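Quick heads-up: structures coming right below.
Below, chain A partners chain B and then partners chain C, in two separate complexes.
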Partner chain A sequence: MQMENKIAKEFRKFKPFDFYQTGTEKYYLLPFRFHQINSEKEVIVNEVGDFLIVPIGTARRIAEKEIEYEESLFIDLVTNFFISEKPIPDLIDVLATRYRTKKSFLDDFTALHIFVVSLRCNHSCHYCQVSRVSENRQDFDMSVENLKHAIEHMFRSPSAAVTMEFQGGEPLLAFEKIKFGVEYAKLLNKKYQKEITFVICTNATVFTQEIFDFCYYHEIRISTSLDGPEFLHNANRPKLGTKSYEMVIDGINTARAELGHDMVSALMTTTALSLNYPIEIIENYIENGFDHIFLRPISPYGFALKNQKKNHYHTRKYLDFYKKGLDYIIQLNKEGHFIVEDYTTIILKKILTPFPVSYVDLQSPAGIINNVVVYNYDGHVYASDESRMLAESGDFTFRIGHVKDDYKSLFYGEKARYFANFWSNESLAGCSDCGFQTYCGADPVFHHASQSDLEGYRPTSDFCLKNMEIIRHIFDLIDKEGKQVLSIFNSWVNNRPIIKAL
Partner chain B sequence: MIQLKTRGFAVNIPEKLLAIVLTDVQDNEIVCFSSSINLEIVLSTRIPTSSSTKCMVVGIPSLMHLSKGDIVLIDPNGTINTLFRKQSFHNSLFITDRCNSNCLMCSQPPKNFDDLDHHFKINTELISLLPKTIKELGITGGEPTLLGRRFITLLEQINLELPTTNIHILTNGRVFAWKNVVEKLQRVENKRTVYGIPLYSDYYQQHDYIVQVKGAFRQTILGFHNMARYGLRLELRIVLHLQSYKRLPSLSKYIYKNLPFVEHVAFMGLEHTGYAIKNNDILWIDPKEYADELEESIMFLDTMGLTVSIYNLQLCLLKPSLWKFARKSISDWKQKYLDECVNCALLSNCGGVFTTSKVHSNYIKAVTTIAGQIKE
Partner chain C sequence: MIIDKINSSTFQIRVNSRIYNIETLHKCFYWYSGKFSIDIASDNELAVITISDFPEELEFDDILTTIKKDLIDFKTRDIVAKETANIRTLLIAKAFANNDEFDEVPFGDINDPIGFDAKEF
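Presenting the complex of A and B:
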């Protein structure tokens, strides 16, 4: 009893801060990478995407064990999982959980299933990445038999939530196929009980009341193309004898009235012409009632793909366009106008949140097969939307089979296993040691198309040039503008305006 | 301040008895009933002139704090403790005075004797007497998980006897670092139970120093993760003082990155009593002086979608941007307003101060409205 009292008494005695130090002021390195972001700062990034912006040379100091216990940086490095005071950190399990969480978009496997129900189209956009055919060629529609096979594959996906996206051509020209597809999917879903999101990607010029009624009943989302102001939109997206812009705006407004404002979204394609008008495009989106805009990177698939010089020129011009646009959007937000740039937000989610971000064009392992698959009008199955665009120009590298093939041979077949060699940036030359690795992705389709090499060569890669510069620019903004821009970025990540109390 | 304890002279009280109050005060008396001896007990402020065989406690200074439906613990030595107040939303089961931590600012310093059996017996009986309709019930200590296996037994009993009551458990969460403990807890888990667990820093040494235990940070963080894995509901509590305020923004970032599953984060003003008096020099900072750190932390967590509250701080000490987060959190029996507060325009929205606190901020000042605008 006395012994016990003695222990208790000792335990209740207050001890100073130093007493609780369990390390030895020595430290051990945890995995991290770094990259210079401007003339004064570099960013250090750990395995789960946590970052610290520090003076240039800090990464070297950390690696050479020069950080002193007395520096405030020491504590920040410990709490952010850059160094550990023990060879194995106490909370390594927490780090493991966080890594698992970041990569958990893989758990669900293929979630986005794209159905190209028809190659027919009523437009003749010069940037069209799919060789479209004229409106009355019904032999370019997907057959009911193939459609059924494709839908059955979708239900074989382990993902509890799937998106069934109809594309074209103009898919609404084959509305009967969409109708059949949605109804067949709902029939099968009585057994599979998946959460299905339906999307139709349309130019919004061929709506009928029957289509709206059907979309309303089945809660189908409309995704359309809007390239900006009238002169630009019409130049990019010509339609014989009519005005495309007027028709799409009319289509958007009618669809909103019929289906609800939030059921309609728009995507822009950046063309060489668009590059001169970032502000005008953003203003046009605001005028038309959108609070999101995707300053989508210029796509090389419609250009001279193998012409590296030209691609580089376009990529650099795109980066100027993006930065001008982003600056303008940030300024609008500072003035209290909530508008979100979507590409920045995708990257910001990777930088600022502990959650997984599944965006098929920027993830590792890549989105192909892992998160997206395309069932083409002719029954062939492709690893991604870009894969089928390549096929239209005669390159069938990313065709993984036919809807009549069995699920395993499509999704786990020889081709899928071959692509797997190139779809993780953790194991790609030039990416494996890159400071932005956790925020970026791998794109074997792009690198095959532009460099004839699925692995890709980073020094001349436009994918690399574009994403490295965008990510660097975002960190530069965070460093230079600090809390104000961070609070705007945080509001984008959470998709809710900053609410100023009182 | 509402009295929770009083004392008179016990007459014919054979042992400690739990009794339900049957009447409001009438003629300086109230009548209670003890089911364990199946007899009525009279509580009176008077002293009777003749002897009686009735069970009584007499000569009690005042009975005004008791009313019909309350539950009291009557001791043969004449002490009457109120264990349950029907009119209150702040009822708790008190599990123990013991604790395996020794926080610098503990408002109710732990004691080193074994009172677990004593309280367990009372609580078991008390739970069965509580009205089935009560909305909220706290479980507190000391450190309630020191009950060990009987902690689970207690939760099982609550599940059975109070199937619709929301349960709020205050624990340091350290024992949940052991997965087998959480597994057992998960078996009695229900969606009405929330665990309130404190975290005071994102740096282990600072947290361990504040709670005065080596390894506490590691245990608490692992505890959070183990509990989240089993879907238990979690609230995170931060007490604000000189040792915790500097890293508040880093702590908030740490919470969002590593503990985003907590459903509520509470920032709590210091109750200046108990150990806090003894450790005043290393704890006291006027809330006005940490206003910037507090605002940055709360705005960040709120933007990131976490639910945030401020407890125990007066509105006049907070930036107006934070007013909407302030809750009237101080339990009714130890809450008051200062003289200064009488003329304050925000009085009805403000939680006031602790009657128990020995020190209040120098900046507590009535807020007045001018032309519809609220100004300090």
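Presenting the complex of A and C:
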């Protein structure tokens, strides 16, 4: 017993530094990648997304085993799993657990289920990615039979928490289908006991008291579109004979009054016209009571491509727009006004926390099927929302079957297995060595749509250009502005304002 | 590194293939293949990279500066990738194992420094 205590005490003691120097190697490398972030610094990123901002050339020095024990960097590299003093680090299980945590979104599999209950719409937005039909064409509504099949598939998902999102067209034009869908899902859920979040994506112009009462009772969230100031919103989202902006603002305010302020969110789409007005768009969101904004580029899918003049712009122009907007938002936060840019926050969660982010466009393996599936109005099932947008212009590459097909053939079938060849950035040319791999994702649908190649060709990929530059810009800000911008970024990750000490 | 200008739009870069292996060269010049045509030939001693269709609006010297830097970076990536291939495989096997078959026995004796014995509770 005494001996055991002695050994136990021995293990508890701090050892001299040379105790840890084992073998002939000065140190052993652990997997890491790197990327230059400005003219002086590069960022090194390990396998689980931990990072260090270091002078340019440091990655080469690490690889060439030039880092000396006496350098403070040595300890930083060991404690952050960039190098190890043993061939296999003692804490490899900790690192493995962290890797598993980063990929834990896979455990839940498909969590977002999108139901396109109708293709009918009362708007004619030039950037709409789906073919919309006039309000009275009810043959473009989802049938009750198909809706039931789709909901039953949702409950076959292993995910304990699912989101049931109603889209269109304008889904509220088929409100009876939404009512049936929610009630049928709740009925089945007595057996399955999943946590269900209901969302209706609407242009907020066709609300009725009956709709509000139903949404309030079932705690349904409203997601709407607001593109910025009146002149911009109306230009982007025309509605015959009426002013869309006035209607959507009225819809947002009424919905907040009926359902609660936080039950209503808005998304903007950046058109060619929007590029000139980042500040005005952000100000408009603040004026309308939002503390979140997603500076979202247009999706190059389906009918959005038909109007090139209004919808097509070079990604570099979008990046200028994004940076101007982000700078302004950061400045507002510095002045004490809490407002969050959502896309930056998605990336920051990947950089600053050990957890994954369920954002289907920026995951590896990709979000298609793994996180999202779309049940279209005609009963066909698609691998993602963008997949059905492609289908509306005649490209059925990402149609995985019909709601009447069995679950296994839809979610684990031949097509799903084919897509798997292209959905991990760890194995894609250009991505496999990329310093930002852990923070980025794979998007075979985007690359198929823009380059006719599911794998994608990184040197001319707009997806790659956009995400590489945004992530580099975020690290550049962290490097140059330090603690002040980091405290703002952390407040976005935690979704609460910075509390200043008294 | 030896640079030869063949004509106004064609250049050759010769490097020691023992310093820059073929994988490093492919990964490095992949990123330039959207700008101009690349051909890579390599034997045990020498690698020859032929750049053709070089666009008039670009300055070759500017591109050469970035190529030199990228070659060093991709060589570094190659060193890291090769040395860490096994540990990375082990890490991922451990991460996705469905049981504890890959778990390591914790280093040392798990005990409480103040003599508290968890087994008694």
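Miscellaneous remarks
As a convention for this text, the second predicted complex is superposed on the first by the 465 of 502 C-alpha atoms of A that agree within 3 Å, B and C clash if a C-alpha of one lies under 4 Å from a C-alpha of the other, contacts with A are read in each partner's own complex, and residues count from 1 in each chain.
Assume contacts are C-beta pairs under 8 Å (C-beta built on N, C-alpha and C of every residue); 3 or more make two chains touch, one makes a residue touch a chain.
Keep in mind the model is a prediction, meaning the values are calculated, not measured.
Contact with chain B, but none with chain C, is seen for A:I498 once the two complexes are overlaid on the shared chain. Applying the stated contact rule after C-alpha superposition, one finds that A:D262 touches neither chain B nor chain C. By the touch criterion defined above, A:T460 reaches chain C but does not reach chain B. Contacts of A:D76 after superposition on the shared chain: chain B is touched, whereas chain C is not. Residue contacts after overlaying the shared chain place A:T97 against chain B and chain C alike.
Look at A:I88: by the touch rule set out above, it reaches chain C but stays clear of chain B. Shared interface residues of chain A (contacting chain B in one complex, chain C in the other): 8, 11-12, 90, 93, 97.
In the complex of the two chains, the chain A residues touching chain B come out as 5, 8-9, 11-12, 14-17, 19-22, 50, 75-76, 78-79, 90-91, 93-94, 97-98, 353-355, 483, 487, 490-491, 493-494, 496, 498, 500-502.
Residues 27, 30-35, 72-74, 76-77, 79-81, 83-84, 87-88, 90-92, 94-96, 102-104, 107-109, 111, 113 of chain C are the ones that touch chain A when the two sit in their complex.
Chain contact summary for the complex, chain B toward chain A: residues 102, 104, 110, 112, 202-206, 208-209, 212, 214-215, 218, 221-222, 225, 247, 250, 254, 256-258, 260, 279, 296, 299-300, 303-305, 320-324, 374. In the complex of the two chains, the chain A residues touching chain C come out as 4, 7-8, 11-12, 28-34, 36, 47, 59-60, 63-64, 87-88, 90, 92-93, 95-97, 99-100, 103, 429-430, 433, 457-460.
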